[in-house]
Structures are given as C-alpha cells and as structure tokens.
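See the structures that follow.
Both complexes below contain chain A, partnered by chain B and then by chain C.
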Partner chain A sequence: MSSTASQRALDYLEQLPGTTFTKLYQQPSTALAIFRRMLPHLAKTLVMAMLYMPTPFSVADLDLWMKPGNDSLQARDRALSVLQRLRILFDGQDAAGRAAYRLSDSFAKSLRLALTGSGNHRSFGVPCSTPDKTPVTVEYLDAFARKQWDAILYYVVGSASVGLGGSVEISPGTQQLLQKGEFVKLHGRSAAITQTGFTFLLQEINAQIWTLLIVYLEVSSSLQMDPVDVLSFLFTLGSLELGISYSTSNLTPTQRHMLEDLADFGLVYRRSAESTRYYPTRLATTLTSDAPALPNNSLTAATTNPSDPGSNEKGYIIVETNYRLYAYTNSPLPISILSLFAQLHTRYPNLITAKITKSSIQAAISSGITADQIITYLTTHAHPVLRRQQPILPPTVVDQIRLWQIEGERMTAWQGFMIRDVGSQEDYDKAVAYAEALGVLRKEFRSRGSFFVSRMDQMSTYFKGQVAKKKAAQAQAVAQGQNSKGNTPLGTPSKA
Partner chain B sequence: MPRAMPGVLVQCDPSIKAIIVKINAEHNHDIIVEEIDEEHVLVKTSKHELLKNLLKDALKDTVKEAAESSESE
Partner chain C sequence: MNAVDGTDRAGAHNDAEPPSLLTIILDTNPHAWSLLADSLPLSQAIANLLVFINAHLAINHANKVAVVASHSERAEWLYPTPTQPGQEAADLNGTFEPEGNGTSGGVNGNLGGPVKPLDDANKYRPFAQLEHALLSNLRKLMDTTTVDAISSVPSTMMAGALTRALAYISKQTAAHPGATANSHFNYSDPSSIAGGNDLSANNGSGSATLGLTTRILIVSVSGDLADKYIEIMNSIFACQRLGISIDVLKLAGDTVFLQQAADTTGGIYMSLDANSRAGFLQYLMFAYLPDQTARNHLIVPGEQEGVDFRAACFCHKRVIDIGYVCSICLSIFCEPLADGNCLLCGSHLTMTNFGQRPAVIPKKKKKKKKTLEGSVGSPSSGHATPIPG
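This part shows the complex of A and B:
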C-alpha cells in the first residue's frame, strides 16, 4: 500500500554519494529501517543469509540457491539491483578469486547491532528517565498530528479555491517549503496549486509525509544542514514508540533544529520550544512501517487499502450513472478536492451536488491529475450505499473518465536511452533479457537491433562487464592455443 | 561496442506520427533523432515539450471538438 512512499524515499537515497551511505549506515536504526522498509523480500533473505558470513559470497553459489526459470532470475536481478543501488551489496572476490558479493561493512555491523540489541549507540532514541508531570495521551497526539497535517493539506488545496480553505494557519517556514517543493506556486500574493500539488493531495498519507520530507531533505542540505544528521533522525523517529516521551539530550544541534520543523508538520509534539522532551506522533512512528499513519482519517485524502475500502473510513461520495455527484460533507477540504475535478453545483448544509463533466475532468488532467487518481479517490471515498454494489462506481462513468483522458493523449512518451549496435543476435538477446530483468526495458525493436531503456547506469556496467568477459575469453583462448601448440607431439592439433 | 543515445521515445498512431514528421520538417529537422517505425520516433529530450505544444496546436486546427452538452438541470 505504501509502495509509492518507499519508492520516493528510495529514489532520493539512490542519488546520494557513497560516503553519505557509509555515514548513514553507522546508525543501527537507519540500517534496520532501510532493511525493513526499502528491500524486497528476496533482498532481505540475501542480506540475512550473508549477515554473519565471514567471507564474500560467490556469485556461483548464489546462483545455486535460485530456482532455475525466468521469474526467479528476474527476482534475483531486481533484488541485487536494489541492494547495489543502496550501497548495501558490493562486488568483490572470494578467496579463490571468483566473482563474489560482499555486504557493506558498516551496514552489516549496524544491522547486527540492531537485531541483537547490543552496543551503546542510542540510535533508537533515549526515553526520558523522569515521567512527565502532565502526561500526554495517544488520543491527544493523534489529534495534534491530524490538526497539523490537515493545515498543510488545507494550505495546498485552499490555494486552488481561495475562500473555502485557509481556516488554519501554517507557519511561514512550512509555506516556503511547500513552494520550494512546487506544490503551490505564488502568483502575486495568492498561491495556486500545481501539478505536483495535485498528485501530493491524492496520495495516501504516508506517501504524502515522505514526499514532503524529501523536499525538506533537499532544502535542508542547501541550508548547511548535514543530510546524514537529518536522514538518520528521520529513521530514528520511525523506530520510536507512540505515547512515550524522548529526551533531546543526545540530539545534534541540527536535529534539535529539525524538531521545530517536524513539530510544525505534526510529526513530533513538544509542549514548548525549550522543552527537553519530545513525543513522536503516529505520523512519525509509522514512517518506516506499513501501518496506516492516521486511523479514522475522514478529512484527509488518504486512500486506504483498496482490498477493504472504507474499513476505517466513512465514505461520503455518491456517483450516479448520469455523472451527477453528491457528497455528504460540510468540511472545506473534501469540497476543495472535489472542485479540482468536478463542477460544483449547489451547497446545502450537509451536502453538495456536483457534476463530472468533460471540461472539469480535462481541466484536472491538464494540471497533472490522472484519470486513475480521480477514480481511486472516488472509489475510496464512496458512500456505503454505493459500496453495497459491485462495481462500486458506475462503469459508464469510470470508462468515460478514462476516455476523456485518452482523448487528450495523442502520444505516449518515455525519457531514457536508445541502445544499438549491441553485437551478435545472441548478445542482443542477452542484453534485452538483462534490461527486462532489471525492469528498465521500455520497448524493443528487434528488427532494428535496438532497444529503449529508462535508465542507463546499470546497463553500461553490464556492457563493460560483457566486453571484459569477452577479452578474458579471447586471452584464454590464445593462451590455450599456445599451450596446446607446445604439446602438439602428445595432444591433438590445436585450432587456435 | 554498444552505443546509447539519450532521448524521449514517443509512441503514437501512424496518423499522429505523420503530423510529427511534418512538424519536424518545418523546424529544420531539429526535433526527431530517429524515425523507428510507423508508431515510434525518438525525439531530442530538449525538444519534447516544444513538440507537445506544436502537436496540440496542429490538432486544434484539424480536429473539431463536439460541443459540450448543456449543464442545466
């Protein structure tokens, strides 16, 4: 359910330099969070298997573990690719000089510390030793987190239709951050929602938090804040326990500064800016887990697990086959979101009527919202009456929304690289299969001997490896040829 | 040695491709890197936005949108 969220975090992590990773992995909490959240299951299995292995793990041995067959080979390549991108796994050589894999030393050490609970690293936060005079309840923390986070959403959405939202103020710092992340754009004094902002709104809440935090990371590095400090604190937050107060004593100055900003987002709660204790809210403690960030969240645009829609959320939208839409709500946030893709008609005390029209859908699409996002939104927030039928939304409406989108799209485009001159047909087939296993292959043009991939870095490593292999094979062939020439009286005549 | 060329792969109907080729000819052949087949062309990354806008303009002239149905009750 939060694949988009971890994907975003993964994309951000990937472009960090290798030294940053080494520093990051010195924190056991970081190593554990990455292990828990970012790795596919096969990659986890590999890491666990290699964790206590004293020597590098040879490639040939690894292949023995894998079931033969295309699917498992693809899964293997994908797992290895993620591990290498996160600088967890490196190429090396085993004692016999064969190609092998080895784990990053700092990562392995930290993960061992995290799993066995040893060491004195304090990276999982230090709980306050003295109890709080006026303890803070979990309910209060949830309410606080929701209030803060909704204020941010209001600001983003409110900028789409001024007058509806904007009842809650958010700090100038957060406003600036939203502008930096291009969720909103300033036109004179009023802010207008952008394409990124639309996508942001329709994400589920965990993905929203990560999206915002990644913008925060990007901005913070330009403010001379050490990204290692910032990241490791975020991963620490993910491992804290809800309802317990933690001490600020072991935080670095950067991290103390972060506390203020995070309190603004609703990720941590502090009674005052000077307080020496902080409470993580549910938004923070679910950062690196799959649990929903806020329960009973009817206000925000969070989408729940599609397999059991609305189990913890009350739907309010009814869509009829004639494209009319009724929404039982009086809260400005859902109304503003609806106004992004439907034409609002009348507003009653507890109900608004609207109509989905071609122009309203196409206006939404032209500002970056996709038909699928609209449909997902309508489905997850469908009224219980609609939920009783299968499918939930009238098929005509769903199809028409999709058709309206296709109408605007006369061409599909992918950014990437066209690869050609791969060599023999066999080399070509192998390269294409490798690209497919990595998940970067977009299209192949067999008759022209070229194919299109979305990213190049690993492909070029692959091609370099192939060239090296060929050279080695040639050298070997030559060497063998000379050998056998020397042995001609006894051996068979060489063909070299 | 394999060669890699950065660009944007565009997939479209043959009719749309014909328009793209025409736009390309009108702009000093500066947009298309390679015409791959009837439905695919490789376009320079920097020119992709330009092409999108030009295509939209070209289609506006040729395709008539049906009038919106009335929104009244």
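This part shows the complex of A and C:
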C-alpha cells in the first residue's frame, strides 16, 4: 500500500528541525507536494478552507463546523495532529483573544503561489527551451527506469547471477547505500539479504523508492549535503511531467550532484553526465502521487507486450482457498521473491504454480519476513480476478498465515510511554478517550489506572492543557497538585 | 490470539480516499454578467474559479475536473476541450491526466485538441494546461457569440449543460478503473429509488471500492429557468438516482428549481448578495471544496434553509403555488384545461365540483369558527385547558 510510503516520508520529515520546514516551505512545489501526499483528507480540506481566510480560524468555529460523533472527532484530531507535526498549523489567538489555529505563513504563501501559478520561484522545473535533437520516448524512459530499478532489486534479492543476461551492474554508490540502509550485509564478497531487505522487497514499488530515498537523505546529510536542497529537489521531481526534458541550469550544485545518483536509481535519465538536460522517468513523476510507479509492473515486465499497457498493470498472483498460488510471470525476480515464502511446484512458459505451506511460511518467518509483509505483498500484486472480490485474498489463507506466524511469536514489543497517576477516574477516562481518538493508545490497564501510548508529544500538551484548566477553575480555592502525572519511558521487553 | 480474529481485514483498504470528479457548470449568460460587472466581473470570477479548480486537483492526484459553459443559446464544453469528429476517440476523454494523453501527445507533436500551454517553470504543468484550455475555449465561446443570439434569448441553457454534465459523468464513472459491479447503479432495482441523502450516504460507505465520487457545481447568475422546467427536473431526478449531488452557488438572479436541485440531491445551496459576492473565492474554498468523503465529517452550510418547492406549469411555464395535476401522467397546469383533455397524455379529465371552489372555502371557515366559539363557550370543555395559539 502506498500509504506506507507516505508514512515513512512523514516519519522522516517529522524529525527535522523547525527551521528546515520553514526553508522547505519556501518552494511552492514542495508545499504542493507535501499538501497532496502527506496530509489526511480532512486536513487538506481544512488547509484549503483556511488558505484565503484573512483571520485565524478559531477553535470554537472549527468545532461548530465538524459533525458531532466519534468518527468525525477522531478524524479531526488526526488531521490536526499531522498538520501540527508538519509545522503547517500553529496555535494562535484570534482578534477576540480566543484560541485559534493559523497556517504557517511560509506554507500558506507557497501554496497560494502554487495554486495561482504566480511568483518567480521556478520551482516546478525549467523545461529545456530548445528541443532535443533526438527526443526520448516515454517507452524508452519506462524501460530505462525499469532496468535500473530491477537491477537494484536483483542485487538485494541476491539473484544477480541467476539467468540475467545483459543486466546492468549497479553502481558502487548504490551498493554502499543499500549496505548503509542495512538492506544487505556483506559477507566477504557476497552480499546477503537482511530482514530490512525483505521488508524492502515485499513493498509496493512507490514505497520502495521512498524507503531508498529516505536512506539516501540520511546518508546525504552526513555528506554535508543540505537536506532542504535534497528534499525540495525530490518534491520538484514529483511535479515534473513525463517525456519532457528539463534544464539543469537553475539547479544548485547539490542538486546537480544528486542527478547522478538519481540516474543510478532510474529516477531521472541523462544521456551523459555532462548533459544539460534531464528527463524524469515515471519513477520520479509519481513520487508524490498514488499512480502506479511503472505502467507494466516491473515484475511482469518480461511477459507483457509494451503495446498493450494496462493488461498486467494490476498484478499477477492468484491465491486460492486451498493455499494454491498461481503467478502469471516468467521473470526470475518475482519467482525468487515468491520462493521466499511459497513452495514452488511447476513452471510453465508464462505461469508458475506454487503452494503456501506451513513449512514454507515458517521458513520465511525464521528468515525475518513477517506474515503481514507476505499478506501485503500478495494483496498488492493480486490478479484483477482476485481484486473483484472483497476481501481480496481468501480469508482462510490470510488467517492461517497469521496463525503460523504467532505459533512462533508470543510477544510483541512496542516502544512508548506509560502514563499513570492521572488523577480521578473521570480524568483518567477522559485522557484514555483522548489518546484513543489520537490513535496513540496501545493498551490500557484500567484496574491499575495507567495506560500505555506510542507517542507522547500531544499527550503532554493535553495534560498541560488539563492542568491549566484545573488551575483556572481552582484559582480561588486552594490549588491542590492532585493531577500530577508521571511519564515513565518503558523499556522494550526482549522477545521470548 | 486476538490478532487473528480478522476483523481488520477490509479495514486496511479504507485509508485511501476515492478520487472525485467535479463537474462545474458555469453560467456564462452575457446579460447577467454585465449586470454584475460592478461587484464581480466575469474575469475575476474566472480567476477565482481557476484557483478553486486547482485546489480541487491539488487535493488528490486522481481528482478530475470538467467545466461546461451554460451560454445564452447553447451549452459548450470549456474543459476538457472537445475534439472534432475527425480526431481520435481516445482524446474525447482527455480529462486531467498529467502523465496521460497530454504527455505522449506533446512528444509526438500531436496534441489532443488545440491546446498548447506555455512552458512556465512557475506553474504546475497540469494547472497551466487546464488554465490555458479553459481560457482559450471561453474566449472562443465569447467570440462566436453573435449579437443576434444575445438579443433573441436572454436566458441560459442550464438544462442542456446539466444533461451534458450527466452524460460526461456517467461515461467517466464507467471508465473508472475502480468501478466494480456493485458500484454501478442498478437500474432494474426499484428499491434503489431513495432520497438523495440516502444515496450519497451509500456512496460514502462504498468508498472501499475506490469508485469515483462525482458531484456537480452550478455557478448560476441568471434566473428564469421556467421554460426548461421539465428538462431540468428530469436531470435533477437522474442525479438523485445516480447519487450525484448538485451544489449550487447563486451569484445573482432568482431560480426556484436550482434550490430544489440542491435539496433533492443532497447538495449545498447558497445565494450571495452584492456584499458577499466579493468573498466568492472564500465561499468556494470553504463550503464547496470538501468532497463527499470530507462532507461525512463536516456540517455543510445551508441545511436549515427553507426550500421553495414551487413548480412550473407545463402549459405556460409559469411558476405556480397551486395548480392542476393530471391524474394519469402527473403533468402540472396553471389553469383548468379548456376541453378537459390533458395536453401531454390526452386523457379526458373531468372536474366535477371545480366551479364551487370559491364558494366552499368561506362556508367551511364560518362553520369552523362557529364550532370553535361554541366549544370555548360551553362549560363542558373546561377553562383549565386553554387552547394554545
């Protein structure tokens, strides 16, 4: 699911310092990309409603606007939480002194520029003024992107030597990056896949790109590359148009350096390293969208005819209730991925039959693949025939895969915060309800009057607000520090 | 073992919002816009509308938009640009597809339609393409409007525009990849005739299939739609059946039927006066931008307003409070028919005690008053229970 991709990017963005955000939001293309890709639906509605509002939006008015009911309340809290985490929304006061929300100035300004297309920021990419002497077709770009990206996947899956005629060698830079991201570990000269590598392989392609790019971002900041430059270039790439050449003239030196690396990943195409024009490939232009990253899924590339795009776009795997699995492919990459968790049976020119067995699943689990990853992979690549039903995969198979996993795993470890001594039972109930609405509640221990949350920042603002309210209420009475709170970071218990 | 009860199986797919198709019907009646020239000229309204369209497209990558102009004597597509019959059929659904038709066309030098947007690094290309197409089509529409056409027909082709919009929407819905068997409307199922609100609620719950949610926004400036009453009402009921909500933003004029349209289909109706017209953009962004998915969580404006349910008669196109309805075909007439034959279905209708109407009502009133006074005056009813109101 592509939402995991945006979740990863969101997690990365969140830990950036506030000044980075201010610099990031200077670029309208970045503001537009973050708006489109990272925000929940209701948050987008909220931002748009506030964009041309001259005054801050008071909290009371927002409450009036929302429908009462738990669902809406939860959606609102989630929207506000993401907006605040991305430094788009701030608390403020309106003219009457009531609590209100206001948009980040730089973000609002950039988004307005993006919508009206005014200003002179040139952040949506400068197309080459002169036509290319030998224009590059979209088909060629797709083929290039697929070749580059498949090479990376082959490297990770460790099947680079198996029947891959004329494949590209991936560059040493990319190899290093994959090792930095701990997708592979070097044992002497041969690379071996790790658990992160499995997670990476089983993701949907857009999520794979983001995963790799985030590793790239982390590495680049240690190489004295400005993360703002890197990020805004990535978001710009997402707003470019496929099949058009862009000029490198207004790129910063960092961004020019990035072009080389991105060409290795297959995100951009350049004829040579000195060329002043670059073509974004479909991998790049879909960075900030939900569209499929490659028209014919890379895994079925060998079976599909380029003249009928869309026939195999959706997937190739059929799973039956009797645990049999049919995969319409003849390319070695999906076959080797399938062989990670299914027992291959027969191979036909365009079809593989396999069976999901207890031993095959448990072998996969022992090598670090989780049941959820397998299920997500099967769902993402399900054949259109399977997609017509809801749920997509047979429930028996899904449940059995999960059961096979928890046979070996009796414990889950969460990192988080334990909150106790909240105060009266009423305070406790309110706090738990709030945590649940935020979606951070992991477990509550009602009898002990404590509960466990995965994120603390918003809970602490909530408690501060509660304390302030209490103090205001008890201003005339003798204030009692009864609603003291203790936050004990809980260590993660080791797996049994 | 709780983790395996499987209740979250389907829930995992609900996080993505279904894309939304917004069809805007812009009333371009030159008469009405010239009256608005002081408070909100057409050029400014178009600029605001473009920002609104861009905002709609920015919300979701798969969101689509279509604009129809309801001009004085015809309805015309503004976006997507209609193709000539000789051109490829594939260009007909040349909707908003950033990496679709426009791109490949650009490379091959074969653009779908006469649209060649300028290369501007300050504009997001899809926005620029849309703006260019919409403005050039609008300009073409205005250029081809003759003086005769304006002077002869002062009204607007709302019915034609609605029909075009509906045809486009059903085509897009059918072509949408997420369309599955159960997301299609079942025409043969009589139980699916329900209120517009119920239908739209169904759409929201069916979002797991990621079907296209569709709505129509009518930006209306002229009144007097009565001469197309039947056509408009038919389109409205078609929208209701298909679960398409019609939002109406009224800048000027007074129409009864658009308010009914919004009410029947569960859309938003707002009417702006000379003062609030300056805030056109903010009205659009605040009230009309949220799509069906967001409206599930929001209180939409204009729900409490009383709706004018008056109809127009089929014989003289007058808007009437009380009329005569054919008992066979339910046609509405403003006055009794001369020969007693229905104008539409030809059934012979008789009105036996029609002539007594003026005499009957005062009689009844008197009788009621008498009994009322009598009952109040009588001791049996008791003084302890006063009659309210």
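In this section, the second predicted complex is superposed on the first by the 383 of 496 C-alpha atoms of A that agree within 3 Å, B and C clash if a C-alpha of one lies under 4 Å from a C-alpha of the other, contacts with A are read in each partner's own complex, and residues count from 1 in each chain.
Everything below uses one rule, namely that a contact is a pair of C-beta atoms (placed from the backbone, for glycine too) under 8 Å apart; a residue touches a chain by one contact, two chains touch by 3 or more.
Note that this is a predicted model, so its numbers are computed, not measured.
Enquirer: Mind checking the superposed model to see whether chain B and chain C fit together on chain A or clash?
Expert: fit
Enquirer: Touch test for A:Phe445: chain B only (first), chain C only (second), both, or neither?
Expert: In the superposed model, A:Phe445 contacts chain B only, not chain C.
Enquirer: Tell me which partner A:Ser359 touches in the superposition: chain B (first), chain C (second), both or neither.
Expert: It touches chain B, and chain C stays clear.
Enquirer: By residue count, which of the two partners contacts chain A more extensively, chain B or chain C?
Expert: Looking at chain B versus chain C, the one contacting more residues of chain A is C.
Enquirer: Considering only the touch criterion stated at the top, classify A:Glu241 as touching first (chain B), second (chain C), both, or neither.
Expert: After superposing on A, A:Glu241 lies in contact with chain C but is clear of chain B.
Enquirer: Upon superposition of the two complexes, what minimum C-alpha distance (Å) separates chain B from chain C?
Expert: Shortest inter-chain C-alpha distance (chain B to chain C): 9 Å.
Enquirer: Across the two complexes, what residues of chain A are contacted by chain B and by chain C?
Expert: none
Enquirer: Given the complex with chain A, which residues does chain B contribute to the contact?
Expert: Within the complex, chain B touches chain A at residues 1-13, 16, 20, 33-34, 36-37, 40, 42-43, 45, 48, 52, 55, 59, 68, 71.
Enquirer: Using the touch rule from the top, collect the residues of chain A that touch chain B in their complex.
Expert: So the residues of chain A in touch with chain B come to 343, 355, 357-359, 410-423, 431, 442-443, 445, 448, 450, 452, 456, 459-460, 463, 467.
Enquirer: Touching chain A in the complex: which residues of chain C?
Expert: 1, 3-4, 6, 9-10, 12-13, 15-17, 50-51, 54-55, 58-62, 98-99, 103-104, 106-107, 119-125, 127-128, 131, 180-181, 208-209, 281-282, 285-286, 289-290, 293-294, 296-299
Enquirer: Hey, which residues of chain A end up touching chain C in the complex?
Expert: Per the stated touch rule, the residues are 1-3, 28-29, 32, 35-36, 41-42, 44-45, 48-49, 51-53, 64-67, 71-72, 75-76, 113-127, 129, 135, 137-138, 239-244, 250, 282, 285-286, 288-291, 388, 390-391, 395, 398-399, 402-403, 406.
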